[in-house]
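We call the chains A, B, C and D, going by the order they appear; numbering starts again at 1 in every chain.
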Amino acid sequence: MRKLRCGLLGATGIAGQQFVDALAAHPLFDLVALAASPQRAGQTYREALSRGGGSAGWCLPRSPDARIAKMRLAAPDRFDIEALDLVFSAVETDVARILEPLYAEALPVVSTASAFRGEADVPLLIPPINASHLPLVRKQAQRGWRGFILPIPNCTTTGLAMTLAPLEEAFGLKAVMVTSLQAASGAGRSPGVPALDLIDNVVPYIPNEEEKVERETQKILGKLGRPADLRISATCTRVPVLDGHTEVVAVSLKKKASEGDVAACFRAWRGDEGARKLPSSPPQWIVVLEDPYRPQPRLDRDTHGGMATTVGRLRTDVVLPNGFKYVLVSHNTRFGAAQGALLVAELLVAQRFIGERDRSPR
Amino acid sequence: MRKLRCGLLGATGIAGQQFVDALAAHPLFDLVALAASPQRAGQTYREALSRGGGSAGWCLPRSPDARIAKMRLAAPDRFDIEALDLVFSAVETDVARILEPLYAEALPVVSTASAFRGEADVPLLIPPINASHLPLVRKQAQRGWRGFILPIPNCTTTGLAMTLAPLEEAFGLKAVMVTSLQAASGAGRSPGVPALDLIDNVVPYIPNEEEKVERETQKILGKLGRPADLRISATCTRVPVLDGHTEVVAVSLKKKASEGDVAACFRAWRGDEGARKLPSSPPQWIVVLEDPYRPQPRLDRDTHGGMATTVGRLRTDVVLPNGFKYVLVSHNTRFGAAQGALLVAELLVAQRFIGERDRSPR
Amino acid sequence: MRKLRCGLLGATGIAGQQFVDALAAHPLFDLVALAASPQRAGQTYREALSRGGGSAGWCLPRSPDARIAKMRLAAPDRFDIEALDLVFSAVETDVARILEPLYAEALPVVSTASAFRGEADVPLLIPPINASHLPLVRKQAQRGWRGFILPIPNCTTTGLAMTLAPLEEAFGLKAVMVTSLQAASGAGRSPGVPALDLIDNVVPYIPNEEEKVERETQKILGKLGRPADLRISATCTRVPVLDGHTEVVAVSLKKKASEGDVAACFRAWRGDEGARKLPSSPPQWIVVLEDPYRPQPRLDRDTHGGMATTVGRLRTDVVLPNGFKYVLVSHNTRFGAAQGALLVAELLVAQRFIGERDRSPR
Amino acid sequence: MRKLRCGLLGATGIAGQQFVDALAAHPLFDLVALAASPQRAGQTYREALSRGGGSAGWCLPRSPDARIAKMRLAAPDRFDIEALDLVFSAVETDVARILEPLYAEALPVVSTASAFRGEADVPLLIPPINASHLPLVRKQAQRGWRGFILPIPNCTTTGLAMTLAPLEEAFGLKAVMVTSLQAASGAGRSPGVPALDLIDNVVPYIPNEEEKVERETQKILGKLGRPADLRISATCTRVPVLDGHTEVVAVSLKKKASEGDVAACFRAWRGDEGARKLPSSPPQWIVVLEDPYRPQPRLDRDTHGGMATTVGRLRTDVVLPNGFKYVLVSHNTRFGAAQGALLVAELLVAQRFIGERDRSPR
């Protein structure tokens, strides 16, 4: 099978750069079209990333390969849809609201933006958890679209939901309290978080983040069209860490369990079968660490290429009924962003929601 | 009245340096004797703080004044007790266990060490909260001591207890969940936390800290000899911040309340009358901030000279019954350490538990 | 004498906030008018600083006082010049080029912007070094202005020039090499340096900074209208420090000297007599530190309220002829910005270049 | 050929951990014996690295493999020399002075310690620069040793020497000025640099470091037994960076050159032929970056597995005669430590200075 041809919206931002990086040498996807802001149309990707003139420059250790560097940016609304099988979107929410429907008329759009996460006909996918929600995208045909929009969740939601899913399956969840210590990269780079805010400091507030974590987690853990009946209370803070969100979690379980049961549950969990063998799937979705000093974002964020969620400090909680506490680390710009979006796209391919254009005329 | 003559144990460590700094020009106390480790006995304070030879050097912006710099260090067990009215102790727990009883035989010992915090005849004082516990020290006479040991609580306990006290008084507390984001200075400097652990990182574990926070808070909020009947669940983490502990707190109240009630309660609280006019007392013990981005440790730790606890992000909680959430910042090396110990010593003077030696034979 | 009435351009940026902070309770100046971007005209200062809507919020520990918080922002080109004696400008260079001449027609404009630093009729003042350059502003009358524009130097230039001036006076300077390790606050906050650039990182380039340091230093150390004949080679880097520029300097002296001579020269220097007793003048302009581990930006930047330059690690250099090396720390947002501009304005008052409007009709 | 059997001294420290990490799956070397401090003898490596009891714990992202984790630590003076072909030493200088000669009696000892770097019969090897110095180790036979001690240079020397070597070869060097901005990992972890020193701070002094850089560079660039006649002036500072030393360098060349010549010289340099194809050799020793914002330690330290030196900001210098300036980044704990020591050991194998024991009786 030939590789699927992908376009990328928002290619110059930090999220876009991460897509470019993650797509280098991908077995299924070929990056063939890039777009950034309208005023960059016509520039090569390399030119658009040279600093000065408002550009923030390339900011990942591995440079984009020569072919990509020379590619010319399209205007963001001018991708040639006949030449594409799929669009990845790494734009801001406001822009996503305009651009993503444009392409969804004809193509699948896999997005890191939050614009459509709350819509009733839009599943919010983390493949190992809720691959079964995927058919919901077919409802978007009622919008008159041949394609669809498929967003991934907020990066803080992702780590949390990954650890809640096995507990929900095994014991049922009544309530969740979470305090996040989020990395700076979650906010992007231009402007992102000013260095002045994160030198010798913590910022105890990230606008709209707590609401996202609460609502998205309910949607992901719920049934199709019915959010999980689960009380979630989140406090989201920003700390001086580059990558890797740390989350301090307390849960109240429905079914009685011991610490050992909970640890065993995390260790045994394999997630949805359909998500186990995708190119971006790690050997284990959840890695339980015994060292009480772990997980630490710098040491553990890259576990299995940043696609595993690490869990430690598991212990019983004296406040919540049938309560347990743990700490998790999840890589916010890998599983929680570009690489997580690739995983979703890989699921689309595996479940034949994408790529049919190659095999049949429309 | 002449100033009281104070000795300081552990004078070269970071906690000791903070005592020296806080005692410069204090209206009640005169620092007249210093001790550090036995091998430094005979050195001047300045010599002991010149780097090399294992010393970590002076590490505060304001240098010790010339009189102190020239003072010679005594061996730690050789203070001339006849020449002292009071001993401040800034030593590690193991050393405190040996040295503090030595001096308590004759003198009041006010300590930042945790060694005696759990003893039944030892109150754990935060003057605005439980000045009324002070008479408990008289029980230490049964140890055959003319003096006593009076420790201050752990720095993380301090900020938490300061915000719980008004709630306990006004509404009653059923349960508390707290996640701390603690500053590096709480661990001292030599060795303290290695820089390698706190660059681009969070450490999700501080040995024994969670137990201290839970037990000490119950003791402080309890009645004399009876800990408060209050479930507390703490997770303590270390973040790349110099000074100022941030704590994300959720409480379950006994009496029904609204967000406005809770905010008003914080604002109205004046604490124990006996603690209001001490030299180190701030104009307000608790400062409520409206800006959702506050409190931040770097911006708010120095409020009222680091003696006020700042509170923000107050909101209702959906998980705990009758629950509320907030974020606090407390200065761990001021109110939470040396300056907090001075406040306790000032209370001793005000309540005539100290200084009698000047006026009457015993 | 009544206080002089000041307007402030760029009041909401970080430099502007520092002016507001530095002007609180100033003995000579009264802040009576504020302006920010045109779209904020009509808002109160407090409103303009509430986050959201693009504002970065107030970011200093001490809040602006109530009178200032309630003040309404003027459009930046609409100050009532009859109601002002002086304008402070904290705007960006491009904006300064437009706004500052507007007000210089009638009033003295003291500015932190670089727009006019290179002009022949514009002195670049650091009062202890070159107060004698001040009369040059009279030449600006040829522009048809009753007032004038008086910029302060770049914050990196300031610390360097402060240590070079005594050496130039005592020994003559042939050449200077400097590597700066600059704090994040020098770049402002919105956007300023992204946190992503300064977590676990150094950025070895700051656009235009090296040229500024080289040219401005020559102008400051030169005679009126003739830059010093001095080769300067600068490399400017940004490091993860909040405030306080560290500079590693090597100088080649004309006249033979010893380390002791150089140290004595720094210690003895008192600077221009006219600058010694201004309200913002520190007791010493240069503080020499013996501890080889100093100066450190966090420990030494606030020496004498951030108005002193600290110097340490003085030693001979084997590469430059008659060479010496040292490290300096200078507070980039105090002496190097707002407070340094106040010092210049204080000099204007002391030398009667300002305030005449009060005493005589025009 | 079977793999050579290696012992590792100082296995639990951060440098030792880096050896363990770098030796995992090495094509030539097999780690068969570990030692740490005497009191850990008999513990498994895993036990010795569990925190508590003074251990600092494993601090690299990738855990040691199971075979190593289960290995029991020998007392540091009790390796079975018959069972080894080579000893790697990652101990502190004082300990190296005692332990290394013990093993050099029978075996090659490749060391990161500075203890023997200055000795006349000890070459200081960076294989691409001075592989030709290697035969000097034969002189150590005069100490009565069958083996020898072969230290690698200080990590700051390494990056500097790597960029000076091509210039010395092509143009000749007269003088060098360097300001280093060193990472925290260079100081180890236990105690290493305290976090308190590196939050919002720079430390402008590292004891003995400048002397090492100056002397070692002269030795490396010199002929056997005769240091290069080259004036070097170094200022070494510590900055809040995890890994990767940044160095700001100015050189004075003997032969006239242009910026283009210097850049071409860096780009063309291939180093000693004997070092080009070793297992740890990168495809290029020096990588020149055009982006003026590079090299940055976080983005560039890992170039070619941390074995390349990245160079940028090349420009002429106005102070030094025939002067040029540039900035380099070198990975202090890879090329500058364990991996650099492996490269040296690989050279020993390639040039048959090691491993003969396998083939012939001695």
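By definition in this document, a residue touches a chain if its C-beta (ideal position, glycine included) is under 8 Å from a C-beta of that chain, and two chains touch if they have at least 3 such contacts.
Since we're looking at a predicted model, the values are computed, not measured.
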C-D or B-C, whichever has more C-beta pairs in contact: C-D
Cα-centroid distance, chain C relative to chain D, in whole angstrom: 43
Between chain C and chain B, distance of the C-alpha-averaged centres to the nearest whole Å: 40
Set of chain C residues in contact with two or more other chains: 59, 197, 199-200, 240-242, 292-293, 298-299
Pairwise touch network: line, ring, star, complete, or other: complete
Touching residues (chain side chain B, partner chain C) in the complex: 50-51, 57, 59-61, 199-200, 242, 291-293, 298-300, 302-303
Chain D-facing residues of chain B, complex: 14, 52, 56, 59, 184-185, 187, 189-200, 207, 240-242
Chain C to chain D touching residues, read off their complex: 175-177, 179, 181, 197, 199-205, 231-233, 235, 237, 239-242, 246, 248, 250, 252, 292-299, 312-313, 317-320, 323, 325, 327
